[in-house]
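For clarity, chains are labelled A, B, C, D, E and F in written order, and residue numbers in each chain start from 1.
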């Protein structure tokens, strides 16, 4: 993990980076159920899932989001604060054995009128699988200090 | 877990329910770090956190979201599909030992023009702590089958 | 999770319910070993198990019991208290990949002479696999408040 | 772990052993909830538990049983097979921070008439806490091969 | 677990023992990543690993060491203290599904001149897989009390 | 996580870096016991530990090593391969609540005569706690490709 101070003025639209990949395992499914308390059979009952269109267990949306975001957690910016996410969408299902990676890209920057000294930076998160298909998107909103 | 078929026409704006509570433990912090791969010191380094404004470790946003959503996972509606979330906001920090509970309430229903046979239902999720403070909000969007 | 007050007088012999299913994964085997501290090779050593009659790893009895009971934990009855279990039997082995579900049925109710104000309710737990075979049975004994 | 062949004829009523101790942590509570799927607030919601007679979170019965049994899993007897348990009783609650240990003692041996070549051995399991109070008892029934 | 007092003078060069086996599962890989914080794609990204010489995910060295040592943890010697390890070597990779077991053997004993009352005992740890290949070796150094 | 190709010739004696910190929690103790299978009361029985010189539970040596190494796992060098460790020493105990961080520093580089095209690089790992005390040291040996 690296620390890197990056002020509002340092963010450039179009800048981005790609993470390493991670294979989503049956273990992740079971851990996420136990962590979230969501034991819906869509995620945990292989027999039931044979009767559904996808024919197999489907990852919790909150897990794809959690791991997709987690993959990006490699650089600490001490002057940026997570504010929330807009337009989080579960685009395609993730199955046991899929390998996902995340791409983040700055898509908007604007001063915060109500919060002088801060700017609002929007970073698009795109999670893809091993086929190159997008499985999840979300727009991460940061409050970032302006350069002093 | 109960199964309950609820068609688009059955959703009524203002309807809602409150979940039981769950105390967020140091264990949940450590499990979430290990599950997400996010080991930022804001969540895991008690010494470092003493130097921050909050003075203590702060829950991962993705964890409050995951557990907040998980608390609501008690009734399976086989004709509703999760589409995504809008306006997910981390309103206040969650600390080790806080007890959270979730409230969901239907705030909008509209037919989906591009997808005949389906309607769009928006359910607001509000996660509160033991002081009654809201710590997270998000609008959950479902695609729900229309009554046949 | 729902809360539902059900007094001793409300229990009817023959009443029951069936839970959703859950696939027992290799992850559950490893988690249970780590949780219980029981690392017997019957549960964890695939090579050793090839030399046994079943030819594969066998679930811990305590795990089938724990998950079989856990599947039923969906309705809180604030006037019932778990007293213990009788005749817990490991009827058939559970293997990695089996999907279990639980059925509970009230099989006996009787006043508790030594504890006025309470009755004793016996609920039979039957855990089955995806072939419909019973893998575990146990009689759960509750102390339940009488209707005031 | 040791392997020790012990035939039906080798079991002597009154023989027993005491295990080492293990402190039951908040982690064990959270792990057991996630493993079993039982997220009842009696085990996980510290605020709710303040309103109950015990005033604090109470261990799952299945966890005390699982760990109590797990503590005894140190000697493999290849000619003994677990058949089940009788009279499993949750005698006293276990709280976060309690230290439990198990004692096992042979209390009965009898030939199995329906299964020539095997005997039935009953081993009483007694789990105690750091105050010496019994928190759980159960009678473990084994089928054991007779000496050839 | 057994307790067995064994003084410096009781250790005999060449003495040793073999543990039971344990199959290393995908779960262990995921748990170790989450426990250590090491999410390198060599351990977790099946697609990336297809491009490497071994063609599949490789166990963390610290995991093979941890589980290899853990397998030996069956006898408590209250007069011996772990001092460290010399010549820890990752001899061959461990893959998902491999079954490992450990062998320990006393290879050296010598009085500690600087610490009267103690001797230094070196125990060689050899971890092998199901093919009999050595995957890890290390020399465990103990400080052991001399017989009083 | 970053990828950075660094050939044998690029390593400079004295170069090093410091990681972020991580608080070692009771959860880590319990997870490590369950992962390693080592349930010695020195790590898990708070009552027993009151009778020992340190008066409290002590971290597994393999855990301090695993997490200490894990903290350094932030930069992938595709031309370096872990060969093993020398002089791994458990210098001081780690207790629940301690915060550790790791420092790595190159202490030796030498060509490998038996393996042309590779050099041997030794990186000293020093793990310290929140008091600045060293708790673990080890010399990590890498085989690194020479610049082509």
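Annotations
FYI, contacts are C-beta pairs under 8 Å (C-beta built on N, C-alpha and C of every residue); 3 or more make two chains touch, one makes a residue touch a chain.
By chain, with names taken from UniProt: A, B, C, D, E, F = Dehydratase.
Everything numeric here is computed off the predicted structure, so don't read it as measured data.
Graph distance from chain A to chain C, where chains that touch are one step apart, equals 1. Legend: contact pairs of E-F compared by residue number with A-C, C-D or D-E; the interface matching in over half of them is C-D.
Averaged C-alpha coordinates give centres for chain A and chain F that are 30 Å from one another.
Taking each chain's centre as the mean of its C-alpha atoms, chain B lies 37 Å from chain F. Mean C-alpha positions place chain B and chain E at a centre distance of 43 Å.
Touching two or more other chains at once are residues 1, 20, 22, 26-28, 31, 34-35, 37, 39-41, 76 of chain F.
A complete topology is adopted by the chain contact network, contact being made between every pair of chains. Those residues of chain C whose C-beta lies close enough to touch chain A in the complex are 20-23, 25-28, 31, 97, 99, 130. Within the complex formed with chain E, the chain F residues making contact are 1, 22, 28, 31-32, 35-41, 61-63, 65-67, 69-71, 73, 76, 82-90.
Put simply, chain A touches chain F in their complex at residues 1-3, 19-20, 74, 76. Contact residues on chain F toward chain D in their complex (touch as defined above): 26-27, 29-31, 34, 39-41, 44-48, 57. Residues 31, 33-35, 37, 39 of chain B are the ones touching chain E in the complex.
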